[in-house]
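Chains here go by letter, A, B, C and D, matching the order in which they are written, and residues are numbered from 1 within each.
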Amino acid sequence: MPAFSFNDTLLLATVLFSVGLAGVLVRRDLVFMLMSLDIMLNAAALVFVGAGARWHDATGQVMFVLILALAAVETAVGLAIIVCLHARGRPTLDADTGNLLRG
Amino acid sequence: MNPLPALVLLPIMGGGVAWVAGHVRPRVTTTSRDASWWVVLVTLIVETFVLVMATFGHPVHTGPWPGHFSMPWIPAMGIAVRLDMDGLSLSLIWLSLIMCFLCVFLATRQVTVHAGAFRFLFLATLTGIIGTFLATDLFLFFFFWELMLVPMFGLIAAWGHEDRQRAAMKFFMFTQGSGLIMLLSILGLVITHYRQTGVLTFDYFTLAHTPLSPAVSMLLMLGFFIAFAVKLPVVPVHVWLPDAHTQAPTAASVLLAGILLKTGGYGMIRFNIMLFPDAASRFAPIAMGLGVAGIVYGAWLAYAQDDVKRLIAYSSISHMGFVLLGIFTGSRMGMQGAIIQMLAHGLSTAGLFVVAGAIQDRLHTRDMRCIGGLWAAMPRLSGAGLFFAMAALGMPGLGNFTGEFLVLLATWHVSPLPAILAAVGLVLAAIYALRMVNRIFLAAPRTGLQPVPDVASRQMAVFACVMVFLVLLGVYPQPFVTFSAPLPLPVAAMTGPEGATP
Amino acid sequence: MHALALLAACVTVVGAIMVITRRVAVHAVLYLVVTLLALATVLVMLGASFAAMLEVIIYAGAIMVLFVFVIMMLNLGQPDSAREKEWLHPRAWLGPGVLATIACAELLYCLNPLSGPAPAPAPITAHDVGLGLFGRYVLMVELVSYLLLAGLISAFHIGRNRVGGR
Amino acid sequence: MGEILLPLIILCPLVASLVVSVSAGRMGACAIGTVACAGVGLSAVISVILSVMLLSGPATDALRVVLWPWMRIEGFSADIAFTLDRVSMVMILVVTIVGLLIHVYAAGYMRDDPGIARFFGCMTLFVAAMVVLVLASDLLCMFIGWEGVGLCSYLLIGFWYDDPANTAAARKAFYMTRMGDVALLCGLLLLATATGSLRMGTVLAAVTDGQLPPFSVNAAAALILVGALAKSAQIPFQTWLPDAMAGPTPTSALIHAATMVTAGVYLIARLHDLFAMAAPVMAFMAVLGALTLLMGACKALVQSDLKRILAWSTISQLGYMFLALGCGVWQAALFHLMTHAFFKALLFLTAGAVIMRAGHEQDIFRLGGLRHAMPGLTMAFVAGASALAGLPLVTAGFYSKEMILSGVWHVHFGLTREWGLSGHPLWGIALLGAFLTALYIFRCVFIVFCGKAGTRAVGRTSRLMSIPLGCLCVLSLSGGVIEMPDTLPRLHLFSALLDPGVPLSHADEPIWLVLAGAIVPLAGLGVAWVLWGRRVSVMREIPGQAAIIRPARDGRGMDVVYDRVFVQPLCLLVWLTRLDIADHAITGTGRLTRAASAGMFRARAGVVDMLAIRATGMARWADHLPGQFQNGRVRWYAAWIATGLCAGLAMVVLS
């Protein structure tokens, strides 16, 4: 019996995804949101790889590579923003204060 | 060369040149005529020549009516640029041109800022109007119908008086909303035609022969009727007119009263009576009721107004009630009475608006309470005002009476009651017209007024022309009647349907 | 399910939970690194060794290091812990928590018909991935390069503005 | 030749009017006067020439000129056509000759008035409109004249527009006549629908050979009668004429005595065939005429304003004419119309001269004793007064009134089979009216000219004004000769003139009938002499006299009633609905919705206060939903995305 059936992968990915989602919603600090975001990304990547393994198709891993690239870029830009916010002298990294685009 | 497309495109091109001219040589002094004014004048003169050529030129007999022009526009949908001219549209175009000359000569004093833009919008409205009168492709008709509104909205919103934004918005909302209802019925008609004959076309003549069930034809007819009822202000939906008129600059309100209201009447004749004859006859009692209500209601409210322009606006609602009554009597006499009434109303109300505009330019107020008697200060202007007030109250011997008499006679043929009620409207018309005359012309002059210049003799000449037209229309209307009779739809299907079969 | 697989899955989940519950940013980052490594093991078990390797090198290695570097540089840790505590007041996280659990339950309920028992005997090697990557998806690789370039420029631009103070 | 001259009659005054009004500032007063008089004079001359031509020709022919087709539409055709036959000849002579005399008088009377150009513009336009009305052979063409005359009377009554009372009187006159015109128009519509054209010939032919059902004949006759009543200020519409005295005196003379007010009588006279078919309408007209006759005479008896006395006397004389028309003797009505035009114009012009010389004083009690100051005017006024009273043999009024009385005596209305109204009671009322007429006119004569001296008269009446007075004196005294009652030498020139076919003379006319008609005016003169002639006026001693006179004097009786019944509620209603109801509704709904949302917001705010801060966030959300929604907080968006996700999945789960 293989170590990890597709069913389990989905189970794990779902849990990870919802944990990441909770993290994004709960934490008001931008850094924590970024991290939770990464968890969610990984959950998605996991599903891809799981599917690839299940149907024995390399595409899963190709998508995995892309997600990695995406995560990299996303983190880079996120951190740049955080650095810029911090440099601007904002006391806290509260996501809610940055709401200039209010309707 | 076929004059019709030139007739439609010339004003808009002239407008463009006027706009450019307005920018190139901005207005030097208020009195001197600037470049854009001359451009407008030249455009109008050339337009008149083209119209003369169209009127007396040899009729091009390709289409069912004298003037015809057709060019495929969106073949896939069966939409073509079809322009057809018969007596009715020709006479209304002549009226539009007279209105424009009237505006150019008399109502240009207060347009000092952005004169070029003002002239462009003015001529754009004229294009929309002439297009509406000529288009016999329902899509093209709708296109010109909407084209008419936008520049007029601009004119009112930019050059209007104190409360112009609200008035312009109200005007636009009303006419635009009803226009959309018309679009629905146009599409409904085209689709039913397509389902039955497999021919997808917007052409007026082929669509006229679509066999419709009574319910569907009544529905489509109502769609058209609502759009034209808002334009020709019929009582419940007339609310935009008084505001639009009081806030519009003189030239715009002359154009609005002179011609835009007539497009409503024209539309009713062309698209209600001639397109859905049986539905129209079934709808006639209600329409005549609305007409009579309009007459009495308009006159009633005109009496209570203190604002000159608002009073004139309500009086034109009352006159348009006659037009509606005449159109729906169903007989040719009623139709011709309505057309004469439209022509006469155009002339008399435009005259009244120019007089009111002149008073407002000189005294900077429209409130009759604080305009004292003007006869002593401005005998010529007051004389013109008196003449046009007499025309407005339907003095026999002037155009309005001829129209009203024919409408009343046609209505009497149908049933005496609406005719009597409409005749009561005549008494109310006398009441408000004379009340106006006795408050601003024949009244004790207000003390403390600095001397006000009277109308220049040149402008009086233009007034005189309009007066002559009115008297001619009143005393010798026969040529106008034969000239502006709407030609009936050709019974046989049009020669070769324009629409492309998909 | 094999014991080792279970262990890896638990570590991943617990790590993720610890990430979102920590008050101090540095602890959270370290937990995140742990989670990623656990995830790599899961990937190995799925037979995607190449993916696991990438995960460890790029994700855990590069991105998380960047995270740690930024957090350390901006010493976001200590002074904010009191404020974080206030933010983590139950009233704050109750709503989203409930929301997340609902989402998770629905996902689980939906996904179970999809997963069949079928086994995955042969692992997918780097060779297959390479073929796929530069075979059918060569265009996507180019697009990804553009994405990275865009990310680079924007990160540089945002970062640089700090000096200008605009 | 006639074809050219006939339109000229209309063209001359029209051109004169145009010239005068266009040249408002530039022409001098006398130049304007001459142009106006020339215009009217020319048309008078032409009408005389044409009349002579007509009289020389055979009796029945008429000169018909069709200028151009007015309206040619299927179902209706009308054209601008003019006819000069015997009836319109009489009327055109009256209008143009009396008009000319009044214009000559007015040239002198209005010389120093600044608005003389506008005055003569309107006067000549009036004559032109009146001529159109008289000569029109197409009822619609007549309607142009009919309304034109109303317009000119409005402009002339409100001539001195500085005083709002004048313009109010002018408007009142126009509204009243306009109501009648609308009724007339409905009558014309009825006839046009029935007969397809409004040419008098076709209409009368269609009516006489019974193409119209009796009901519509009666309806048409009734509507036309209402139009005529309004124009001639009879019972229901009589309040506007006394107020119309606000205009200058020549206007009152021309319009409100000689021509316009008699237009109704002329119209009915021309359509007598139509009215002959409508017996009930004739009876109603006769009764109405009699009532107006009495009411006018009583009112005139108590007036203190000289011009108002003459106005009420005009109304009562018109009552005579309508009585005659009602009794079918339209020739008598026309004859009385002619003589009335002469002596009433004379009275008005003399009154105008008297008022002008007495410093614009119109109250007869303050005038007093003017016979020494202005002997000529006194003689003219007495001549007019005697003609009005109808003193026997010597005045025209006598003959015309005699003709009416005999006509009324012999009439018998067979309204219903058993009940018929014979002419005798009407004759009695007419006789009483004659007595009252003599009474009030000689009361006026004695108070103004005899008695103690009132205000001092200044200046002399210019020669220009006295010539017309002289002519009118001659006309009003000798005018009646051409039509003698039978007992005297058989001389029926006038009725022969009108329609030679029907011999009017009644063989068995009792002699005492004529005598009664002669004695009554003399009796009236005597009683007036007793009451007001002697030094001490007996009238003042009669106790309780004030009680009777005061309500009637101000002549506001019917006016007050009309005002309270019609005008006040109408004005109130108009004021109430001055805001456009439809407009009000639409702007109202707009305001309503805004108020509702604000109200809703306030209510929401009250409830939410109790909840926690997030709840207050929700309240703000209620006020401006979209703004609140995009509040810029990233997590807020994330939360909503998550909710969306849950919702989507829930749908999948549940379906």
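Criterion: contacts are C-beta pairs under 8 Å (C-beta built on N, C-alpha and C of every residue); 3 or more make two chains touch, one makes a residue touch a chain.
Since the structure is predicted, the reported quantities are computational estimates derived from the model, not experimental observations.
*Asks:* Please indicate which chain is farthest from chain D, where distance is taken between mean Cα coordinates of the chains.
*Replies:* C
*Asks:* In terms of C-beta pairs in contact, which of B-D and A-C ranks higher?
*Replies:* Ranking B-D and A-C by C-beta contacts puts A-C first.
*Asks:* Whole-Å distance, chain B centre to chain D centre, using C-alpha means?
*Replies:* Those two chain centres are 37 Å apart.
*Asks:* Once you find the CA centre of chain A and the CA centre of chain C, what distance in Å lies between them?
*Replies:* Here the centre of chain C sits 5 Å away from the centre of chain A.
*Asks:* Which integer distance in Å separates the CA centroid of chain A from that of chain D?
*Replies:* Spacing between the chain centres: roughly 97 Å.
*Asks:* Using mean C-alpha positions as chain centres, tell me how far chain A is from chain B in Å, no decimals.
*Replies:* Distance between chain centres: 66 Å.
*Asks:* Going by the contact rule already set, what residues in chain B reach two or more other chains?
*Replies:* Within chain B, no residue touches at least two other chains.
*Asks:* For chain C, jot down the residues that touch at least 2 other chains.
*Replies:* Residue numbers touching two or more other chains: 95-96, 99-100, 103, 107.
*Asks:* Residues of chain A touching 2+ other chains?
*Replies:* Correct list: 21, 25, 28.
*Asks:* Pairwise, which chains touch?
*Replies:* A-C, A-D, B-D, C-D
*Asks:* Which of the residues in chain C come into contact with chain A in the complex?
*Replies:* Answer in residue numbers: 1-2, 4-5, 9, 12-13, 16-17, 19-20, 25, 28-29, 32, 35-36, 39, 42-43, 45-48, 50-51, 54-55, 58-59, 62-63, 66-67, 70-71, 73-74, 76, 80, 83-84, 87-88, 92-93, 95-97, 99-101, 103-104, 107-108, 111-112, 114-124, 128-129, 131-133, 136-137, 140, 144, 147-148, 150-152, 154-156, 158-159, 161-162.
*Asks:* State the interface residues of chain A toward chain D in the complex, per the touch definition above.
*Replies:* Spelled out, the residues of chain A in touch with chain D are 21, 24-25, 28, 33, 95-96, 98-103.
*Asks:* Using the touch definition up top, name the residues of chain A that touch chain C in the complex.
*Replies:* 1-12, 14-23, 25-29, 31-32, 34-36, 38-39, 42, 45-46, 49-50, 52-54, 56-62, 64-66, 68-77, 79-84, 86-88, 92-93
*Asks:* Applying the document's contact rule, which stretches of chain B touch chain D when the two form their complex?
*Replies:* 235-239, 242-243, 300-301, 303-305, 314, 331-333, 336, 373, 375, 379, 383, 390, 395-397, 401-402, 405-406, 408-409, 412-413, 416, 419-420, 423-424, 426-427, 430-431, 434-435, 438, 442-444, 475-478, 481
*Asks:* In their complex, what parts of chain D are in touch with chain B?
*Replies:* Answer in residue numbers: 21, 24-25, 68-76, 80, 140, 143-144, 146-148, 151, 154-155, 158, 161-164, 167-168, 170-171, 174-175, 178-179, 182, 185-186, 189-190, 192-193, 574-575, 577-578, 580, 582-583, 586.
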